[in-house]
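Chain naming follows the written order as A, B, C, D, E, F and G, and within any one chain the residues start at number 1.
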């Protein structure tokens, strides 16, 4: 499986349904065009200036909202994934 | 419910009345176009360079003024919410 | 009353008289167009990278000079206020 | 053999096959145009502001995905190598 | 009297004579257009990231050379003053 | 002899042969146009924010690859030298 | 005599001879157009984020090479001086 480095997070993007289980609907004209997805893999976390690692706030399986124009697309076995930095994740839905 | 990450804050925007309970009126031509709203959910706070977390100064239920062009719009059950960084919140009204 | 966050300061702008009690006159063609005003409310202060809070140097009632193009205008009961960062305040007059 | 400095990593670029052993396919229209390769040599790691060295997360032999427009091309005995910073490496595939 | 904040310094600008007591002449075509003046008031000094205050290197009465395009003009009783940051002061003449 | 300051390194540029002893060939169309050379003198190293000096990773006599558009050219007795920052040196060849 | 502040250095520029005692010749077409000169006065040194002062690596009398487009020209008794930051000094010749 793919293992992101540092503060990077691998996301399985939810292209179709724009409404989450908890009822969050993402508008078309949102300013930063957020998208939802599910966390697939997390890195070790950001390394601070004092050498300390900050564990990511999200874990595998979390439903998240992230900024659309962030990250790099990759494909694993025909499924779209996105590698973003944790700072591009806005909230856990 | 939606849970913002890090120093992000979820706000319920007050679109209609531009005058708060304490009488604050927001002008149309304000330079940074501030808006008012109510805090719905707060993140854990910003992580400093020494690894310390700074708890947000605002809490759920606070009436706040924030910079209009900040943040990302989301919708939960037909209600507009905004996810902003705490640094985009100017004051508690 | 309005309570600014962090290192923000609420100022009551002095629009009319451009000469303070101590005789400071602000020229029309000043490069950064400073203005004078009175501090109405102060935030808790800036949070440094080590988590320490730095109390603002100004307090309620101080007559100050600040950079004109800084901050966000708000109105409380018909009076103009400005929310600026403490770093936009140049001096106590 | 070539020895990169600091947080730099030498990569043997995989030009031909765009599908890794674990089945990751890189699309042509990816936003940041990631590429895959194999780590050939690693530097000592980044030096933090407190003087501490952070050992790279990748080691010789790791199959990696990196941002295409990063780094500097060099040739050793007719083989293409790329010298990138570790922060340009997105994930271990 | 006016009291500058933080690392700001109030300067009485010497408009007329471009030659100081120690014989320093400032050319018309200097790249950064330095000017000379006299320190009138100093702030408490810059606050470092560790919370420590650095006392200014200049004191009231010092004849100084500073960068011309720095700072904000103010007038006190008809005399031109300039509020600059200490980092805009080049040398004590 | 010339003594570079801080994290600067003096390099004797190898203009002619584009193939090192270990067989590294530098292509004409490399994105950052790297060049090879030999270290002639090194500074004391970069000073970190905590006051600690980081000794350079390269030493006199090292064959190195560096970014072409970095640094300042000087001539000593008709020989071309280049003064670069250590961060402009990519690898020891 | 003029006393530079902080990490600033006062240099007596050598306009005429472009060849130093140790034989360093500065080319006309150098990318950063370095120049040589002699250190006339040094400041106390740069203040780091932890409040520590770093004494300058150069001292009065040192023959140095510096970046031409750096600093501010001043004149003392008809002699050209230049005030530069220590980081603009490349090497001791």
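Following the convention adopted for this analysis, contacts are C-beta pairs under 8 Å (C-beta built on N, C-alpha and C of every residue); 3 or more make two chains touch, one makes a residue touch a chain.
Quick caveat, the model's predicted, so the values are computed rather than measured.
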Point to revise | Graph separation of chain E and chain F (steps between touching chains) | key: 2
Exercise for review: Compute the distance, rounded to whole Å, between the mean C-alpha positions of chain A and chain G.
Suggested key: 50
Review point. So what's the Cα centroid distance for chain A and chain D, whole Å?
Key: 22
Practice item. Return the distance between the CA-based centres of chain C and chain G, expressed in whole Å. Key: 40
Exercise for review: Pull out every residue in chain A that's touching 2 or more other chains.
Suggested key: 49-50
Review point. How would you write out the ring of chains in order, opening with chain C and then chain E?
Key: C, E, G, F, D, A, B
Practice item. Please name which positions on chain A make contact with chain D in the complex. Key: 1-6, 8, 10, 44, 47, 49-51, 69, 71-78, 83
Check your understanding: What residues of chain C sit close enough to touch chain E in their complex?
Key -> 22-27, 30-32, 34, 48-50, 52, 54, 57-58, 65, 67, 86-87, 89-93
